[in-house]
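Got a structure for you, written out below as structure tokens; questions coming shortly.
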Amino acid sequence: MSKLLPWLFVAALALLPVAFPDPYLLAVLTSAGIFIIGAISLNLLLGYTGQLSLGHVAFFGLGAYTSALAALGFDIGIGFGLRITLAPQPAWLGFIAAIVVAGGFGWLLGRLAFRVRGAYFVIITICFAQVLRMVALNWIELTQGPMALISIPPFSLWLPGQGVVALYSKAQNYWLVLAVAVVAFLVVRQVVESRIGRALVALRSNESLARSVGIRVTHYLVIAAVISAGIAGAAGSLFAHYVRIVDPDVFLFIYTVTMVIMVITGGKGTLWGPVVGGLIFGLIPDLLRGHAAPEAQWVAYGVAMILFVMFLPRGIVPALASLRPRP
Amino acid sequence: MDQLLQHLVNGTVLGGTYALLGIGLTLIFGVMRVVNFTHGELYAFGAYMTYAFVSLLGVNFYLALALATLAGVALGAALELVLLRRMRRADIDSVMLVMIGASLVLQNAEMWAWGGVAKLIPNPFAGSPLVLGPVSVLPLRLFVLGVSAALLLGFWLMLDRTRAGVAMRATFQDPETAALMGVRVGWVNTATFAIGSGLAAAAGALLGPVFMVSPTMGDLVGLKAFAIVILGGLGSLPGATLGGFALGFVEEFAGGYLSTEYRDAFGFLLIILVLALKPQGLVPAKERIG
Amino acid sequence: MSPLLRVENLAVHIGGLVAIADASFSVPEGQVVSLIGPNGAGKTTAFNVITGYMRPTAGRILFDGAEITGLSPDRIAERGIVRSFQRTSVFTGCTVLENALMALHRRGSAGLLGALLRLPSARREEARLRAEAWAMLEFVGLAGRAETPAEVLAYGEQRRLGIALAAIASPRLLLLDEPAAGLNPSETAECMALIRQLRDRGMTVLLVEHDMPMVMQISDAIVVLNQGRIIATGAPAEIRRHPEVIRAYLGSGEYQEAGHAAA
Amino acid sequence: MLNRRSVLLAGLAMPALATRGFAADAIKIGMTQPLTGAVAASGNYVANGAKIATEVLNRAGGVLGRPLELVLEDNKSNPREAVASVEKLVLRDRVPVLIGAWSSTFTLAIMPKLMEYKVPMVVETSSAARITTSGNPYVFRIAPTSEMEAVAFAGLLGKFSPPMRKIDFLSVNNDFGRGAAEKFAASLAARGITVGKTETMTPEATDLAAQLTALKQTDSDTVFVTTGVEQMTLALRQAVEQRLGKRIVTTGGSFPDQLIANPLPAGNESFHILFYAPWFPERAPHPAIAATYTAEWNKKGWEFAGLTEGFRGYDAMLTVVEAIRLAGKPEAEAIRAALWNVKIPGVNGDIAFTKDGPAGQESGQNRPNVSILKLAEGKTSLL
């Protein structure tokens, strides 16, 4: 039964566009879904390795820019009269490129940042996202800077019998995001429930002891960072092709904070935490639209974050699980 | 050459206020192990209070600066008593999350209260710059530099000469031993956070009239304050002073001679470099033995 | 036969302090060797250096003839040296079984691909690790508490789990940091039995311990550190009569304990 | 499972029902503006302009015998939220026409959605050329492009004495700032003026000393400053501090009103390109309309300075409502077609659209008026 329940949940979500073809509902769920994927990836670092990475949006943004640039093509000079040129590529290729590039930067940041812990780690990750934002703002030849990359084509898929299809409709985008979210969830689950996941939890729980039993801490942290960054890059790619504009503000700290709030309220270090937290904080803004001043909404988020950390630090999912009577 | 001198003066003026920001942040980290994400908001708060006192209540400018600083002290004390005191046993990451929540609340409450339109604070200094050979500088900026220096000096004297300062230094070095020696660590924490907040508010009160006052003014400043303390080594007071001036000069000279676009990026790049090469900062805080 | 572990002219300076001035000793294979000395003598520092948590200022550490000085703790563990910890000895927030599985890390080899695709080899390995974990829990008498969170265990059980975690992957050299601290006499006796059994399974043991009766009963050899220097080495009977050892303990105010041991 | 879903749907549907019940007969007009965030000040001015236009029009009986309802959404100064706000306005509120979205970046972000949902939008502020040249037939811009502003300005060059010979630019690093620098440079170069250096600044920069020191070294006589009103104020004040010693002209239609209460020291003057100068409503192309707008605004007790930007919302609302009247029904396609026929007087001047962009896919572009305001010692005068 408990093995079936998640699949029933996915099936219900998949049938939603058929049962309720309300485009607004689908739009809201699609954009919430993209951030839920981001939260799922952040959870791997924040929840399972216990490293408070506050530059997570960097990978999301890298994925968005990579995917958008692959789809639009570019032609830049790299000095010494050399140029790099790329013709526009299909969206799925950009999607893979986004995962690879974001994962690569995850490796780089991991190598650099995991030499330090605690406050230093947090600040270095924040700075990492800031530097990328500055680059996105000022490398105008590549990124168009503040003018943003516009007219990004929608996602396209090769479907049997129909050839390459551009996903314009709400339902198609919704299904795409749902599918990627399910894959992201499964990837994280497989990792977490394996020897690698145990190593991650061990080093979160007691780093000295983990090292003493032969767990190569940095190695596993870097693996986690690469996977996490890759998934965030995939979310960024979906974002780029769904919203169809990418500008340097995609690197803003506030997006990281949004993902952090989702993970913390849902329950960090639990598989369902980011999904639950993501649904709550992905839907609330749209429910509140027009009912509360936007500043009041942000004040409420801030208060919620404080209250959760202080009074329900493990989040909603573990709290619910502990309410359920044990068999 | 003329340009060099002007950049030197600009960098010094900028560095003085950066140092003020950095000292407060590093003090709080050193004593309490708290990364204060509300630092930028307290800076904005100081500026808004100055605006409120000068423009709305018609208070004398100098008095308004003092009152704004005191308001920052009070807000800091309140934050410590309401939030941080309950989090004393929590891990550093949870405390950071709470402080991020608090900064969201503060910034948006400011936006709610004051609206998004930036405010200009009138000040008593005539607008014409003082000119000395090739260099020009506003009297207001010199005043800001002077007050920053005075505050820094006063802060050092407080640490060195007063009982509260001794208790603070003791807690800075080792909270457990300090508690055993009869230091009331709870109150030291409150005082520390209040003073650190007051310094941030003072920086805002001083720079508010130089620039303009807006709800988002704390964003970049908060990040820069992080840069400053990381440059100097988290928890190192001389390091924060040095880091403040270092960032001021780097920004001014990089902006003047290399690229104005990347001006703000240099600080962050510098941090990543420093952390990659010398993770404990330029002036490492004393290593603990134990 | 060369000893399993050899420490040569080790010196450790922390800041301006000299934690270990110049220490040389060795641990022969198959023995239980104890490292004793008054508080601040440098015992834990020696442990930290041998297991890679601290870098020595000078000197060499040889394990099975190969130099391991300055390697990281996980590399050292991979070579077969595992330690236990004084205070934080278990993985909190995880069950006893999970603790055991985590400690079995280096007995597995499944990588990312195996994890993502649940390859048959990875599944077989997982089953093998679980069997090993259960076997160890049976061995230390914690099988009945396998599903209990580690932090909920009684103190004595936690210490036993700590030793089990260090020993579970069958290291060649096991370093135990005060395993009996805070245990009552009957628990101490169990602890001693456990250490003997581990030695009989082929593990060499290096022990730091304050409980002198235990040290005297269990050790094949004893190394005495005082103020960063080795003042005596030898069998328990020799150490008991060593004048400098008695003086060191007398000077440090731990005479009672040493006297008790000598009695 | 069913329960969870129906609760979710109920939650989403309730507010929608509530708004529908509120004014069943009203014709809805959607507006997305930055009401919070970095550029909130201007966004609120424009929104206020649209609000008073709605009131004025409703007092006059609305349109097609039905009242007007302005549905205002915050885009939080951010392109992602701009898209979200449009999805909400079109999909939930079902507005047939939009006004927005202040910054060029937000407008550009929204434009694919206009094509997707086939809803026209009147663009009230954004100046980037790409907005009307990218082949989006749902875009109708009443704001001038930087190029139009530059061309109109070139016509007023004779009013400056001593005349301009060499110019520099200090621009905010975005479409707006860079676009203005490029177009003014081209337009003024054609008049024989030498173009010097361009310095840029990030939108959030407050200390402009490095840029100003660099500009001080050049031999030009005039610096064009293009940025939002707050940074403009900072630039003017810091120019005095760094003894820039050059004539300053600001572009883009914003006015640093705080310098009226807190003037720069004597001897410093600045020039500002405006699309509406509220000090002199009688000099506007249609004084009566400008006077009504100004009076209504002041009645609300809103900041006087906001009038310089609020007219954009006012004029956009007049434009949209005229199109609805011409269309005869509040339907998106009819309104889009009718927008081509709009020809009305507004606060800034006559509003009518000409075709811009690739054939068959043209966007609408209005030709606005500009005036130059001189500010010296807290006093304003029209040049």
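Going by the order they are written in, the chains are A, B, C and D; count residues from 1 in each one.
As a convention for this text, contacts are C-beta pairs under 8 Å (C-beta built on N, C-alpha and C of every residue); 3 or more make two chains touch, one makes a residue touch a chain.
Here the structure is a predicted model, which is why all the values come from computation and not from measurement.
J.: On the document's contact criterion, could you list the chains that touch chain B and likewise touch chain D?
T.: A chain counts here if it touches both chain B and chain D, which gives A.
J.: Which chain has its Cα centroid closest to the overall Cα centroid?
T.: The most central chain, going by mean C-alpha position, is A.
J.: Farthest chain from chain B, going by mean C-alpha coordinates, please.
T.: In terms of C-alpha centroids, the chain at the greatest distance from chain B is C.
J.: Can you work out the whole-Å distance between the CA centroids of chain A and chain C?
T.: Chain centres of chain A and chain C, defined by C-alpha means, are spaced 42 Å apart.
J.: Averaging only over C-alpha atoms, locate the centres of chain B and chain C and give their separation in whole Å.
T.: The computed centroid separation for chain B versus chain C comes out at 47 Å.
J.: Please report how many Å separate the Cα centroid of chain A from that of chain D, as a whole number.
T.: 34
J.: State, to the nearest whole Å, the distance from the C-alpha centre of chain A to the C-alpha centre of chain B.
T.: Taking the average C-alpha coordinate of chain A and of chain B, the gap between them is 33 Å.
J.: On chain A, where are the residues touching two or more other chains?
T.: 137-138, 295
J.: So which stretches of chain C touch two or more other chains?
T.: Residues of chain C never touch two or more of the other chains.
J.: Residues of chain B touching 2+ other chains?
T.: Chain B, residues with two or more chain partners: 111, 219, 261, 264.
J.: What does chain D use to touch chain A in their complex?
T.: It comes out as residues 1, 5, 8-9, 11-12, 15, 19, 35-36, 73-74, 76, 78-80, 83-84, 87-88, 91-92, 104-105, 108-109, 111-112, 116, 128, 130, 134, 173-175, 178, 202-203.
J.: Which of the residues in chain B come into contact with chain A in the complex?
T.: Residues 29, 33, 35, 83, 86-87, 90, 92-94, 96-98, 100-109, 111-112, 219, 223, 226-227, 230, 234, 259, 261-262, 264-265, 268-269, 271-272, 275-276, 279.
J.: Considering only the defined contacts, which chain D positions touch chain B in the complex?
T.: 35-41, 43-44, 173, 199-202, 204-207, 209-211, 213-214, 217, 229-230, 233-234, 237, 240-243, 258-259, 261-262, 264-265, 268, 303
J.: Hey, which residues of chain B end up touching chain D in the complex?
T.: The contact residues of chain B facing chain D are 3, 6-7, 10, 14, 111, 115-120, 122, 126-129, 131, 136-138, 141, 211-212, 214, 216-217, 219-220, 251-252, 255-256, 260-261, 263-264.
J.: Which stretch or stretches of chain A touch chain C in the complex?
T.: My answer: residues 187, 190-191, 194-199, 201-202, 205-206, 208-217, 223, 227.
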